[in-house]
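What follows are several structures.
One chain, subunit A, appears in both complexes that follow, with subunit B as partner in the first and subunit C in the second.
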Partner chain A sequence: MIKSLIYEWKTIARERWLSVLFLLFFGCTLFAVRNGREHVGDRAAAIDKARHEQEVAEEATRFEIDSIARGLKRYEQSWLDPRMLSVYGQRMGRVVAMDPQPLAFVSTGQSDLFTHYTKPKLYGEAYALGFSELSNPVKLLFGSFDLAFVCIYLLPLLVVAFSYNVLSAERESGSLRLTLAQPISVFGWLLRKFMVRFVALAAVVVGSMMLAFLMMGLGLPHGTVRMVAVILSYAFFWFALSFWVNVTGKSSGSNAVKLMSAWIVVVLLLPAIIGQLATQLYPVPSRINMIHQYRVAEAEADKRASEILKTYYRDHPELARQDSSQPNRYQFWIEYFASIDLIKEAVMPVVDRYNRQLASQQAWVDQWRFASPAILLQDALTDLSGTSARHYSDFRQQVIAYADAWRSYFMPRMFRNEWMTTEALDQLPRHTYQSQHVRSSFLIDLLVMVLAAIGVLAAGWVTFRRLSTEQLLAG
Partner chain B sequence: MIRAILRKELTENVREGRFRVVILTLLLVTVVSVLVSKRYYESVNEQHERARANARQEWVGQGQKNPHSAAHYGTYAFKPKYPLSLIDNGVDKYAGVSIFLEAHKRSDAQYMAAQDQTALSRFGDLTPDFILMFLIPLVIILLGFNAFTRERESGTLRLLKSQGVPVGRLLLGKWVALYLPIAIVTLVLFALAAILLSGIRDYGVFGVGAWLLLLMVFLVYYAVFTNLTLLVSAVSPRSSLSFVALLGLWVLSCLAMPKASSAMADSLFPYPTQLEFEEQIARDKRSGLNGHDPWNAAAKKLEEETLARHNVQTVAELPFNWDGYFMQQGEEHEAEIYFKHYQSLKETYQNQTRVYKTLAVLSPFLPTRFLSMAICRTDYHAHWDFADAAEKYRLMLVGKMNGDMVENSKTGEWDYLADEKLWAAVPDFDYQPLSQRTVLALQQGNLLTLLGWWLVSAMAVYVAVKKMSIF
Partner chain C sequence: MLQASNLSKFYGHTVALHPLNLTVQRGEIYCLLGANGAGKTTTINLFLNFIQPTDGSALVAGIDVVARPEESKAKLAYIPENLMLYPNLSGLENVDYFSALARQRYSRDELTAFLTQAGLQEEAHDKRISTYSKGMRQKVGIAIALAKKAEALLLDEPTSGLDPKASNEFSELLKKMSQRGVATLMATHDLFRAKETGTHLGIMKEGRLVEQLTTDQINHTDLEKLYLKHMN
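Then we have the complex of A and B:
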């Protein structure tokens, strides 16, 4: 038993072109990890810089407010005075950032589409924000050369190249006849051959990744084990498929074509078709129309500003000032705040419908992801990387919540006609990014992948049972 | 002789299950994708038309206002869809469709369609360009990987050689047999697209020239892949090896190279983040262009000069509305700042484009991709052209508003109101896509690279077949 394993290993090791393939795989892995690290590094650096600039600006403003309070400095124009709540709230927004997860470099996911930090201000609606990031759309079209790409697209090809002719080569060289003459279980013998290859490939894959991580100075980030598990289960699936194709007992050429066709269907066609169907079945309403609704509502609110304000005071008596001898210096803003609800009321149906359709799309895709292991792996890797669509939609919600908090801080104080003070600076709302509550689909993805592989293996067993020795030898 | 080879190859193909299944599937997928694409095109066009009408109506019907308030209220520019985008949607999904035009601020295009889709869309959509760019080369490989290896494995190559079949004719026969069905499917797709396009009401400017050019580009692209397939088949000892090698070649040129090239382009010439970019502009607005000449200093100088020129003491004595004039000067000053920053962004993009063009030498996919997008006016350059046109329109619009204030009101007369007459006098934003000649001039490099691929691969396959071993 052990002898045959060693023999098997020696035959593999002697194949020159395999070492070339493995070297190529390592090269791809290294390049992918390098790209990922650069992408995440840029992201983290941009966030740090924004935070640092915010701190500097806040310190400077604190100093200025203090100087004004001590009578050392004066502003002629009120629209420059940092003590004006409106000036502070509009100019000094705080950074709301989505910090990268430890494994963010593994999968770019949606991270090239959306911005990772923003500064909500008093004016404007967070729910209408685009969240887009400056980038060359050609890059978005081509996609990233990241570890996820290497695993989803290239790894199956490596598996296929490594195993498409395990049985057929034995037959084509004539050694199958000899093997069949031995008193052993042919199925077990074939399975062992596959096992050796799987273990060898797993060692190459894991070794390449670990080496690339170390060379790029990443160490072993939290979650690496889970990442390796799901990638190996994907490789396992392809081995199982190759096993099945092998035991149909056809020629090497026929096996190669079958496996490649399977690759085309699983990796290229199924994801494209399912994605296309999602957008066809649940088309999102026009964003342009949303803008239109917003502007119509805004214009309407503008016209009826004073009337709206009266109604607003009736609904929010707590905001009305006791002492109204002085005119409120934030009159423009107060009218704006009063109109917000009205605008929101008009726009929300469109926004809601939009969100509903997007959720339906996502639900459809979530449900159909089981149709292709490639989609499962993409889902699992973006999940581990914190770059899935779910993470970004959650971040959007966090921004909207923070923008609300920011406004809620200033609004009542503006109604009370107050100034910004240095003490108030310490009470401004802060945001810390949290992703724990984003629903993780990792375990289900992993489980289904393993089950699918076992299912395919079982199918291979059934096929093998039906095959007679003559068929096996004839090919 | 050629006819005999061709007939043998074609008959063999048609008899083989693989060929029939592949070609029929391809045809089916093609027709479905064109129909789906047409539906998408129509719905986007309809949305676009409605949005355009809405925006114009909002603008004209905004009621009595101070012209500068109207400039603040602003309007929208919408990117029209070029008819050929039905075939290649290019980067349209990843570039916004609408630009808000208002006083004091240049905005970027907003709302990219990709953000309104699930993560699955990053695998690619089943669109005509997906079929043309990715699937058809695969089909060529699937049909032709054993063109020579099959003859070698069954021993017929030895027979052919011993009978003295001229190598050139053998190659030509096999070449045409592989290329013909592909060309037919491509023609079907293009004919279908042309019929559908001419059936759409108001389908806009759609030149036969662009359509033909696009067709030619793809036919050359497939000729390259046919050459490469036959080349590998001629030098491979076994069919299976030929297949694996060709697939590796396909993965490399259609998947890995594009991704690797954008990683390199981005690494060499990185973009600033959105917020960084905005803050750079804000900084220049505060402290003056390039850090000197801040606007409040320049404004003071402007005021003094204007007063001296008209020989008056205060701005109120000026024969025109100083506020309007002052705001217009400020607008032009800010426009310069925007121009500077967008220009540097443009340089980054042009540098990246140069990287792509250079790397196109390594993959026939890249020049084809860029040519196809450019001809369909869905490439990044077309997007920039639209954004620049929108900015020009914005400056015209704001200038007209401020100009009306300068001429028709007095300094300090903030309650001056203009009405619909003025709003309607502003022409509607009408974007004209790039001309064919401009596109061709820009794409010269890619065109040459693609033709180079064709030439070199043709020579290589000829030499390889000539020297081919019969074993």
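Then we have the complex of A and C:
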């Protein structure tokens, strides 16, 4: 048994063109990892820069507020005075960033569609943030040359090249006759041949990746084991499919055509169709339309500002000042805050529709991802990379929540006609990116992939049972 | 050792093999003669369980080849007309590999001994099969049969395409095997070689065994006459 495995390995290892193929795969892996690392590096650098600028600006402003408080400096124009809550809240919005996960370089996912940090302000269209007609989760699945691309697209081709003729080549060369004259279970013998190839390919894939990671100075990021597991289960699926095609007992040419057709369907057609249907069935409202509606509502609210404010005070008596002898220096803003709810109300239907459509799109894709192992792998890898549509949707919610927190900090203080102080600076709300509560689909993806592979293998077994030795030899 | 009882094979209405009764004892070399399509290969394929008999049975050492194929194949060695081995492996490695499939383990020295017995020159043992001539490959086939400790040998036109010297060497090897008690069933077109090597002769025509005799009953000229009489 072990001896036949060793000889199987020897025959593979002595094929020169396979070494060439594997070198090519390693080259692709290295290039993909380099691209991914660069992409993530840019993203992290942009966030770091924004954070650093924020720190510098906050320190300078703290110094300035302190100087003004000590009477060392004063501003003639109130709209420049950093003690004005409106000035601070609008100008000094804090960075809300989506920090890259350790495996972010593996899959670009949606990361080239969205910004990874923003600075919510007092005034503005926080609700329109991240709205995009491009956010279809599948459409841009395979946009860039990253590790996910190499695995989803190229790995199956390698598996096919490596295994399409395992049985047919033996028949075509004639050695099958001698093999079938031996006291062996042909199914077991063929399975062993596939097993050796799977192990060899797994070693090459894992070896290429680890080497590329080390060469790119990435070490072994958290989640690497899970990533390798899902990639190998994808390779397992393709081997199982190739096994099935092999045991139909047809010629090498026929096997190659069948497997290439399977590749086209699984990797190209199904994802394209599912993605296309997602946008056709659940079109997302246009972003332009959304912003337009937001501004119309704003303008409308502006016109009726004093009337709106009166109603607002009636609803929020706690915000009315006891001492109204002096005019509130934030009068414009107070009217704006009073109208925010109205603006929200006007925009909400569009926002809701957007959210609903996006959720429906996501649900559709989530549900249909089981139709193609390529989508499953893509889902699992973006899940591990933190670049899935779910992650960006969650980040959008985090931004909205933070924008609300920021506004809620300033609003009551502005109604009370207060100033910004250095003590207050330390109490301003902060945002820390968290991805833990994004629902992970990794385990289901992995499980379904393995089950699919086993199912295909079982189908191969059934096909094999129906095949007589005569058919096996005749082709 | 090899026994066919009313063994037949039909493809629809076409008869590939009429009920055949044939026995090859230990140490006998039974040569099947006949034109192409006479049923020689069909008979061998039936003994190998490569095709299912329509009726009757084929026994190897008393084991039914359909009911217990793995056991019967353990006792058989087979050399087809054009023996194809793994071109990327050396002669020695091929013998080792096929022995492993037949659940036999040998040291390198033992494997070398099998190849030497089969007449393969020592310097070729470690060269890849892709560099071998047909005669050399047939010798590796014999070495595989020796290593397998086969009790029965099935040969399908093993000497066709071999030069006279190689063909003669091959026949000598078959005789040696038969002296060890191996039962051989060989399909061949070579009347001369059949008469020289074989102990028994059978002439087949259109799926029927039309003549059986022992080689000592007949000389070369009469064998040719007899053969042509059946063919015409």
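Here, the second predicted complex is superposed on the first by the 458 of 475 C-alpha atoms of A that agree within 3 Å, B and C clash if a C-alpha of one lies under 4 Å from a C-alpha of the other, contacts with A are read in each partner's own complex, and residues count from 1 in each chain.
Methods note: a contact is a pair of C-beta atoms (placed from the backbone, for glycine too) under 8 Å apart; a residue touches a chain by one contact, two chains touch by 3 or more.
What you see is a predicted model, and the numbers here were worked out from it, not measured in a lab.
When the two complexes are overlaid on their common chain A, residue A:K10 makes contact with subunit C while staying clear of subunit B. Applying the stated contact rule after C-alpha superposition, one finds that A:T432 touches neither subunit B nor subunit C. Using the contact criterion defined above for the overlaid structures, shared-chain residue A:E470 touches subunit C, although it does not reach subunit B. Of the two partner chains placed by the overlay, neither subunit B nor subunit C lies in contact with A:S306. More residues of subunit A are in touch with B than with the other of subunit B and subunit C.
Legend: residue contacts after superposition of the two complexes on their common chain; A:R177 is shown touching subunit C, with no touch to subunit B. Contact with neither subunit B nor subunit C is seen for A:Q77 once the two complexes are overlaid on the shared chain.
Comparing which residues of subunit A touch subunit B with which touch subunit C, the overlap is empty. Residues of subunit A that touch subunit B in their complex: 28, 31, 35, 38, 42, 46, 49-50, 53, 109-110, 113-115, 117-119, 130-145, 149, 153-154, 157, 160-161, 164-165, 252-253, 255-257, 260-261, 264, 267-269, 271-276, 278-280, 283-284, 286-289, 291-292, 295-296, 299, 303, 354, 358, 361-362, 365, 369, 374-375, 378-379, 382, 388-389.
Of all residues in subunit C, those touching subunit A in their complex are 48-52, 69-71, 73-74, 76-78, 80, 82-89, 93, 96-98, 100-103, 105, 141, 144, 154. Against subunit A, in their complex, subunit B makes its touches with residues 18, 36, 39, 43, 47-48, 50-51, 54-55, 58, 62-63, 73, 76, 78, 90-91, 93-98, 100, 108, 110-112, 114-127, 130, 134-135, 138, 142, 146, 238-240, 243-244, 247-248, 251, 255-256, 258-263, 265-267, 270-277, 279, 345, 349, 352, 356, 379-380, 383. Residues 1, 3-4, 7, 10-11, 14-15, 173-175, 177-185, 189, 468-470, 473 of subunit A are the ones touching subunit C in the complex.
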